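What follows is chain A paired twice: with chain B in the first complex and chain C in the second.
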Partner chain A sequence: MTAATEAKPQKLSKAGSLLDNEQRLAYWLLAPTFVILFAVAFYPLGSVFYSSFTNDTFASAVQTDFVGLENYSNLLSVTLKELPPEIDEATGQQVIDADTGEPEFVSSIQVLPRDPRRYREVGTFGFFGKQYVFGATDADFIESIYDTTRFSAVTLFFETLLGLGIAIALNTAFPGRGLMRAAMLVPWAILTAVSSRIWEWMFIDTRAGFFNIIFQKLGFTDGQTPFLADSATQLPAAIIIDVWKTTPFMALLLLAGLAIIPSELYEAAEVDGANKWKQFTAVTLPLLKPTLAVALVFRTLDALRVFDLFQIVFAQKKYSMASFAYYQLIDSQALGYSSAASVIIFFIITAFAILYIRFLGVTSD
Partner chain B sequence: MKTSKWLIAFLALVMVLAACGGDTGSTDTTAGATDTTSAPDTPDTTDAPDTTEPAPSGDCDGEQVLLRTFTGAVGQELEMAQNQADRYMAENPCITIESIATPDFVEDRLGTYLQLFEAQSPEGDIYQIDVIWPGDLAEHFVDLNEYGAADVTGDHFPAIIENNTVDGKLIGIPWFTDAGLLYYRTDLLEKYNLEPPTTWDELEASAQTIQDGERADGNQDFWGYVWQGNAYEGLTCDALEWIASAGGGSIIEPDGTITINNQNAIDIVDQAAGWVGTISPPGVTAYGEEDARGVWQAGNAAFMRNWPYAYSLGNSDDSAVKGLFDVSPLPGKTAGQSAATLGGWQLAVSKYSEHPEEAAAYALFLASEPEQKYRAVTGSLNPTIMSLYEDADVLEAAPFFGSLLDVFTAAVARPSTITSPKYSDTSALFFNAVHSVLTGDADAEDAFLELELDYTDSFPDFTVGTP
Partner chain C sequence: MAVRTVGPKKRAIKWNRVGFWLLIVLIAIFLLFPFYWAINSSFKTEAQLRMTPGTFIPRDPDTGTISLTMQNYSAVFANSVFLGTLRNSVVLATAVTTLALTIGSFAGFALGKLRFKGKTPSLYLILSMTMFPQVAVLTGLYAVIQNLGISARPSMILSYLLFTLPFTVWVLTSFFKALPDDLIQSAQVDGATPFQAFRLVLLPLTAPALVTTGLLAFIAAFNEYLFALTFTTIEPNARTVPVGIALFTGQVARQEPFGEIMAAAVLVTVPLIVLVLIFQRRIIGGLTAGAVKG
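Showing the complex of A and B:
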């Protein structure tokens, strides 16, 4: 007994040292990966963090100063002010717009603070008969966050819905399924730069454009709708382009998830008398959930950092968060300011990623 | 192993070729094969690199010089630049020129350039730069006066040379100049018995008359007036013309007075906003030069504001308006108050180029009198060399060069010198403000008050005043 108990720890330590050795070897083997990861991921990220606290100028030798949190407070300061009614000096009554019959209010620029920092109007809204203005020191950035979030939510909704439908259709056995699966991927395979241009032409503001001619023939419009210039149709147009392009990707991911669901489960459900809908909710959805979660994380993060579509189709008419950062960098040469915007985008996306992992139960293995 | 054998064989072949002095003829394959084994013993391997690349022509001592030229691609620009490059290469066999197209939108073009400058990249030698950029970009270019430009600057318009000279250095050699023009349909003015408009009110009325008439005649895609209304540098040009021609100043005056917030400017921009959806397509707020030209050249507009390049293209064979149009100065608030924004492009040589000497020589070739004449005749691009405005061939190809000489010499400059190096920002604030008025998101009174405050923030030394 004593000999055995004595031998055991010896054996263990021997095994332990072997483990240590293997671990050490593993670290050595992984070291190049870490070095590369550091060089291509952490170093650039760190330098963006660093320059976000400076007023660095892009492509110029102008002196750089440390400005602390100045860039961040410029990007993120917001305010809410009530707009006082516009009073007619003669009558002492609120002015009523002659055309619309709506009561008028003092214009936002008179109400929003100017010192020490200037606020610009993001939007106004009425609430219980009072009029309010929402202002921000950088209205463009706040609007870009709002627009990008809306864009992501709506595209994600449609892409998931359509992608799931297509995946289920392609998961059933029918002749020519392989061909259909390949054909489905065509929109995803086209470069965004190219597909954005194609869509831009289809959305052109004259009857040379696909949508204008269709809508005009159907009698909806006069065929002169500026889809990409009118702020009411800009975001819907962008959403259509993105849904067209990215649904195949979603369908592909979900198809992979569907393929691993064993058919015995459906047979068992059939035996238990579950109808198709019940089978879908009780078998397909729960088993698809991990795949769905991964696909949603992928797509959300991708949609939130959308750049190419906005830059090509809208340029400076409408910004996504990423294209805002781009124009700050390229057009204004404001490297520091653009870096701060990028850091904020990074945190917004991280927050979404964490939320997803919490609520959808995506596990690391 | 197999690949390394082939590698040795290849190296041996190279060395043998080097030893033969580039004149091996048809025997080189066999020579290489037979000498494979003895190759490592070749004593003079150190000399090999100098002579491994056989020179394509006996005239070149040294290797081919590759010059990368960033050029515009609006209208026929790229095509002409390639033709010019071919001609230059035929005369200079040691030079290879790559003409690289850059985006049409000035902002995107600037972005492309800035990325190369940030990296101090030698991948670009010659850059086509806008008339508004010398101040902002001076630090990245060589002084062309040191490369022989000083001898020819006297031939060019002095105002452009002055614009391109920063701290005594000539940043760019003028290539072509630009000014906004009013294109009008001679056949339609005749049909409706109208004269070319000299005021904005006249333009509005004529455009409406022709548009109503043409639509009644069955062309429902017809518009009165097309111009550049997208949120980009082109809108700065168009809006500056409206404002200057209405006595509203030039945004920020050359002495540093911020004048944008005045009643004349507010009124004219509000008036222009009224065109959107009435005499101009609702989509004009997304138009650049080429979009306006597309509508115009299809015969679907009575008037167009554009640069001179649209003249020769409008008269090309595939144009629906060939021979049916003419150009005049843009209208003003009152007759004779017309204003045209000064545009135009220069050629600059990068400080990071590996061949500044050759690049400067090519830039000067492109800006020389015969080459400017070629581009004036082929592409109706305004020369910057004064004597070409009296050249018979040029005047035959573009008669308005002579008749509208005043428009080109008296064009209004954008405030790029006084606001340098913050001109891009200044302009972006301006065109975004005007764009918000055009799309109806703001009225001009608020937008220009906001703009005035913006400029006071950006330029604390400037004063606010009236034009």
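Showing the complex of A and C:
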């Protein structure tokens, strides 16, 4: 047995032992990368999973206990209740609001469960004349998931559309094209924290701010709109900021994708009598699909983990998923609870990545 | 017949040109206006900033003539806290870039040129790490740092490798792969070990790729905000530029000092834009390398 294994290396040809050496060298060269990735990714990820099942709190005298799924059920418990109509005691009829003429319903607080956990209102909506309330035990977190996905979907839509438009415009030869390409790198090169502050100033709630100047000049508003404090304009503002910052990146990727489409294909399409639109749908789009797919995957994952913009522009007025986890950790020192939120974020993002890669057929090569 | 059709056709083409240039001008305004607004505001005094409506060029509130002030810039240059963040960021980003390039080029060479078992899983693992959401490990890293009492600067350097290293390895792997195999073989015939072949023959050839990836890693490290904000909570001296800009307080902390913030924003941005424009071809190449398969 031992003789056989000992004899083996001797039988190997010189090429074989070279291969052995090569393999050993490869492992040594890869070792630092994997040690670091273990220290900054796998180990912390494991410890996040672990502490998500505890009530661990920083700077607290309370002993850390294992709480099972309590953090998760607190973060994710949601309920949908019908709001019964508000009945006038005297008439027995539903109360009608005197100002708006709308029928009134019982307030959400009376309907949402309080025991064993208290549910808070996320939103109400009407459906076939009935009124419903959507409640959650942690309304902030549920809202942050909803807002972050909406934010991601809308920014992605606009930056793809604009990026494609810009890429097609810049793909034609014209004097000053190099200058335009350089200009495209400006929003990309500006630090996210810096651009957030610049836009915060442009959105300021007086006519010192660019948007209030313009909206007042156009006669839409009185020039006092608190864009970043009003819940109706918060998300649109965030979307505008992010679209500005990331459209150039999208356009650059698509421009590179356009550059590798052979011009003979357009010439052939021209000969076949295809107009510009037909050329776009029959040649440009199909050949741009792989580039578009990769760009979409990267941008979606980026948008879903948005932090800088929300933390700087909104602080605690509106949360993204990441800024929610941050405030739970730093403001509440709730290590366990914040970890559970992080785990949920991790799974949401991973799910999106897998879905995308399946759906768009991205091949990794 | 042919002569008649030329007329309207020519006019149509002309209108196309006008529309096209209008589009180009619109795109340019869209891309550059916010930065122009920051420059504009950075040259305004407190009184000029409070003018309603705000002016598109700094103007005197009473006479309406153009008047620029340098007071925001001199305030920023006198602000030792802000200058400290600038120094922190440059040192930090340089250290991260150096580490990522060194370690990344080892891994890139192994994955791109050497034969060994487990290569494909390693590649997939590293590719998946390029999409890793940083927030997922935030509490874990924070707990480790708190418990071991590691100070903010080394914590940031180490944690920034989470997003710079996989990207560096990925790009350098494809670069090493593209180099001809004969280079190693002929070096080995000359008696060089594979590692010597890497260090003396292949590494110098990857210099352009190192510059590109290094620059992108540097900008990514310079831009990082989540870890920097979290790890410097109890150590304000270690704050980086993004954190400094986000938490900027002026000399007179009456209101948010937007004039000074904009001056600081311009000062940070101009060198970055210059750097990016000098290396623009390389950067565009590096950014698009992963996305476009030729």
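Observations
Methods note: the second predicted complex is superposed on the first by the 329 of 365 C-alpha atoms of A that agree within 3 Å, B and C clash if a C-alpha of one lies under 4 Å from a C-alpha of the other, contacts with A are read in each partner's own complex, and residues count from 1 in each chain.
The rule we apply is simple: contacts are C-beta pairs under 8 Å (C-beta built on N, C-alpha and C of every residue); 3 or more make two chains touch, one makes a residue touch a chain.
If you're wondering where the values come from, they're calculated on a predicted model, not measured in any experiment.
Within the superposed three-chain model, A:226 lies in touch with chain B and out of touch with chain C [touch as defined at top].
When the two complexes are overlaid on their common chain A, residue A:58 makes contact with chain B and with chain C alike. Of the two partner chains placed around the shared chain by superposition, neither chain B nor chain C is touched by A:135.
Which of chain B and chain C touches more residues of chain A is settled by the count: it is C. In the superposed model, A:316 makes contact with chain B only, not with chain C. Once the two complexes are overlaid on the shared chain, A:163 sits clear of chain B and of chain C alike. Of the two partner chains, chain C is the only one touched by A:37; chain B is not. By the touch criterion stated above, A:187 is placed in contact with chain C alone, chain B being left untouched. By the document's definition of touching, both partners, chain B and chain C, reach A:206.
Contacts of A:331 after superposition on the shared chain: chain B is touched, whereas chain C is not.
Put simply, chain A uses residues 58, 204, 206-207, 223, 326, 330 to touch chain B in one complex and chain C in the other. Listing the residues of chain A that touch chain C in their complex gives 19, 21-23, 25-27, 29-30, 32-33, 36-37, 39-41, 43-48, 51, 56, 58, 166, 169-170, 172, 174, 176, 180-199, 201-202, 204, 206-210, 212-213, 216-217, 223, 244, 248-249, 252-253, 256-257, 260, 290-291, 294-295, 297-298, 301, 304-305, 307-308, 311-312, 321-322, 325-326, 329-330, 335, 338-339, 342-343, 345-346, 349, 353, 364-365.
Against chain B, in their complex, chain A makes its touches with residues 58-62, 107-109, 114, 118, 120, 204-207, 222-226, 228-231, 315-317, 326-327, 330-333.
Note for the complex: chain C touches chain A at residues 20, 23-24, 27-28, 30-32, 34-35, 37-38, 41, 49-54, 103-104, 106-107, 109-111, 114-117, 119, 122, 124, 126-127, 129, 131-144, 146, 158-159, 161-162, 165-166, 169, 194-195, 219, 222-223, 225-226, 229-230, 233, 241-243, 245-246, 248, 258, 261-262, 265, 268-269, 272-273, 275-277, 280, 283-284, 287-288, 290-294. Across the interface of their complex, chain A is touched by residues 105, 107-108, 110-111, 114-115, 117-118, 139-140, 220-221, 230-232, 281-286, 295, 300, 421, 424-425, 428, 432, 435, 439, 441, 446, 449-450, 453-454, 457 of chain B.
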